[in-house]
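Think of it as A, B, C and D in the order they're written, each chain with its own count starting at 1.
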Amino acid sequence: MTQASPDPALIEELVLANKILFRQNVVDAFGHISVRHDKMANTYLMARHLPPGMVTAADIVTFDLDSNALSHQGMPYYSERFIHGEIYKARPDVISVVHCHARPLIPFGTAKGARLRPMYHMSGFLAEGVPVFEIREAGGMTDMLIRTPELGKALAACLCDKPVVLMRGHGATMVGKSIRQVVFRAVYTAENAVLQMDAHRLGENGEVEFLTAEEGRKADGWGRSVDRAWSLWKDQIMGAP
Amino acid sequence: MTQASPDPALIEELVLANKILFRQNVVDAFGHISVRHDKMANTYLMARHLPPGMVTAADIVTFDLDSNALSHQGMPYYSERFIHGEIYKARPDVISVVHCHARPLIPFGTAKGARLRPMYHMSGFLAEGVPVFEIREAGGMTDMLIRTPELGKALAACLCDKPVVLMRGHGATMVGKSIRQVVFRAVYTAENAVLQMDAHRLGENGEVEFLTAEEGRKADGWGRSVDRAWSLWKDQIMGAP
Amino acid sequence: MTQASPDPALIEELVLANKILFRQNVVDAFGHISVRHDKMANTYLMARHLPPGMVTAADIVTFDLDSNALSHQGMPYYSERFIHGEIYKARPDVISVVHCHARPLIPFGTAKGARLRPMYHMSGFLAEGVPVFEIREAGGMTDMLIRTPELGKALAACLCDKPVVLMRGHGATMVGKSIRQVVFRAVYTAENAVLQMDAHRLGENGEVEFLTAEEGRKADGWGRSVDRAWSLWKDQIMGAP
Amino acid sequence: MTQASPDPALIEELVLANKILFRQNVVDAFGHISVRHDKMANTYLMARHLPPGMVTAADIVTFDLDSNALSHQGMPYYSERFIHGEIYKARPDVISVVHCHARPLIPFGTAKGARLRPMYHMSGFLAEGVPVFEIREAGGMTDMLIRTPELGKALAACLCDKPVVLMRGHGATMVGKSIRQVVFRAVYTAENAVLQMDAHRLGENGEVEFLTAEEGRKADGWGRSVDRAWSLWKDQIMGAP
């Protein structure tokens, strides 16, 4: 495969996204974000095996959609890179993918009968429904990780056409049309989980008035908000006064 | 309209209030604070479309009470500026308005039957009652935002003569007689919500002994406390040792 | 009254205690700590009306036990200084007093039937029992504050011979034999409240195995721990690497 | 006993581990970590009586397995050093031990009937079961501390062949095959407790789908993750950009 170099601005945005996800507590030492290559749609870009908060431009590897490394060969990679490759195969509309173990999301994927639903306009995208991936159905008894293309395909099938999928006993995966959108979705999916947990405790019989499907769809429209949040998060990383 | 320049000290106070609200976790990338113009009571001052933590004096726009910009024309503004304009019209006593999505407040506006009530003297002003605005009544299925003068009027009517209104599936709005008072109210409304959530969990059958209306009214009197809190919050922003 | 100057090291310790209480989230802009004068046991030392985090040595006022200022006259003082004066009168064993609105303590003073009890050895001193002060019994409908000698006396009577008293709809007051001990007690009373709230939620029917009176008494013995905690807290304020 | 000097790199790792445990909120002013001496397996290394966040290489004492100091004699030591010595005696496979009062763990050791179980792959090691040590069985009414070899032996017996033991009304102790592994276990044991508490609140009738024993065992295999987390935690202490 002849390789075209990605736009350096895309690499820069991906590095920044890694640091923002760490700063916003979406990832700790674990989790990762990828972006589809801007010039070769059948490849994607993601860091080598590193904590997201420590990623630099020199650490960005190019992978094909089978998640074979086309650069940085022989280095350790994230064992769960198949999450990314298989979603890019199944979802041509997806440009960026986040996988994380964000604290507020684990209980929603693990408590029996729990269902993550949109509390407010910031997370209207959740109104489409949030599936929960049970790895036992696809892989039986595992170490919970998406270590193979088969498990990646099963996860992508569970995600279906939605923006977010929870993973039982593991974490969550989000997708978006851009790095900024998927980071925004990751932050506000986690924030929504915090809010929803408290709302169930407060409501009579645990009842909560969620956004309807229509409210959620309408609230998901505003790209300007994604840029507004990004400008703040970038500012925090860059250390502006 | 002939425009008089606002007192530079008022602008400075408004900029500082933006940074304090961010630092105190009342706002994140979203939310805004305005103040009535000190020389033209039929106009108000508020930042252009920016995260509050990034606002500077150069970003403060003058709006008329229909929320048309009288300065900084052609720039993007907060789409929800009608919250501010319509409240200033309906409430001549109000000098400053905060709109926010503070984390502890969303569950109180969204959980069925929840009611925010004063836990202690710091939030005695809540004893007047905290209405919840249901946008469906005024606007049907929306994106939850106060994007029109009509929705702003409906919100102002729901706020009525109270200091705080919660907004279902969205956030909250506070008003005050000064920038300092409304910032104080925003901080302690959110703090009260945290305390109340825990108290319901601890009390027998969830019961809590709130401040009575009289206790709340008496506890709301002390302007000196507002200045004491402000002096600390200012100190934190200014980076004093 | 002829005044002897307090030991400068005592003033320094009191100033440091103010900053530690702020850093440890026991106080915010509100709350205060006092110490009995080392040379005149019928007077005490406490800051003038300032947020604790901003107190310097120059701000320390000497008060008599009726809470009249003997220095810094004509300046604003804490309106609740009677908490301190009346406790020093009633409790000759007490050398230092903290009053605060620490977040975890408000629900325990306000939720019906709640009782703060010792979760672990760090807060064994709570095994003596933690009374709750209901200001309505002494003062009827008030602004909740201890603004008079009479209310101070009533609070001291409720505290009795215990180390901590909760105040309904207001906060808490702790006493100790030294500045360091009362700061330690304030920090671990609040920490205990956090732990206990979670334990009730986890236990079958909310049941928790607290320390017995004997365990609590034995665990309260170790002065060396107070100095160990103080050394860390001092280090954090002094900015050591 | 002739003493061989430990590898300076081991000392350095132990000092760093102290700071990481503090930074990760596993310990506050209290708690400690030890490591078995690399050249004399019947001795271990641990700081003198200091808050973990303040430990330097010069503070590392050598103890025999009866927890007598072989260096730094006459200085104050942790009174609970018998936790370490007795576990090293009983468990030849153990190379490093952490004792802590981490906030999320106290409720699990104290609430009646509570049981800490693995929520996700990061804490798969909990699937082996987490015993709770009741000091009353071994020592009757105490100050809760492991102040004697006898209490240390009883704790080691309760730990048995497991990686973690909770201590009622006190804290927790973790063991591992290396400093890095035990630090990793301490961090993710506490994280698991936070997640589990929330999951019980969300699940129908409090039910949660934990990792099975087999899932836990498989998830506990991956040493590469321990190094990945360590690299981030080290970076945070070293202040790299």
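The rule is short, and it goes like this: a contact is a pair of C-beta atoms (placed from the backbone, for glycine too) under 8 Å apart; a residue touches a chain by one contact, two chains touch by 3 or more.
These figures come from a predicted structure and were not determined experimentally.
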| item | value |
| --- | --- |
| Interface residue identity across copies chain B, chain C - same or different by half | different |
| Far-end chain from chain B, centres as C-alpha averages | D |
| Distance between chain centroids, defined by C-alpha means - chain B, chain C (Å) | 33 |
| Length of the line joining the C-alpha centres of chain B and chain D, rounded to whole Å | 46 |
| Chain C: positions in contact with at least two other chains | 200-201 |
| Every chain pair in contact, whichever chains are involved | A-B, A-D, B-C, C-D |
| Partner chain B, residues of chain C touching it in the complex | 28-30, 49-51, 53-54, 76, 101, 103-104, 106-108, 110-114, 141-145, 168-171, 197, 200-201 |
| Chain C residues within the chain D interface of the complex | 118-122, 124, 191, 194-195, 198-205, 207-212, 214-215, 218-219, 221-222, 224-225, 228-229, 231-233, 235, 240 |
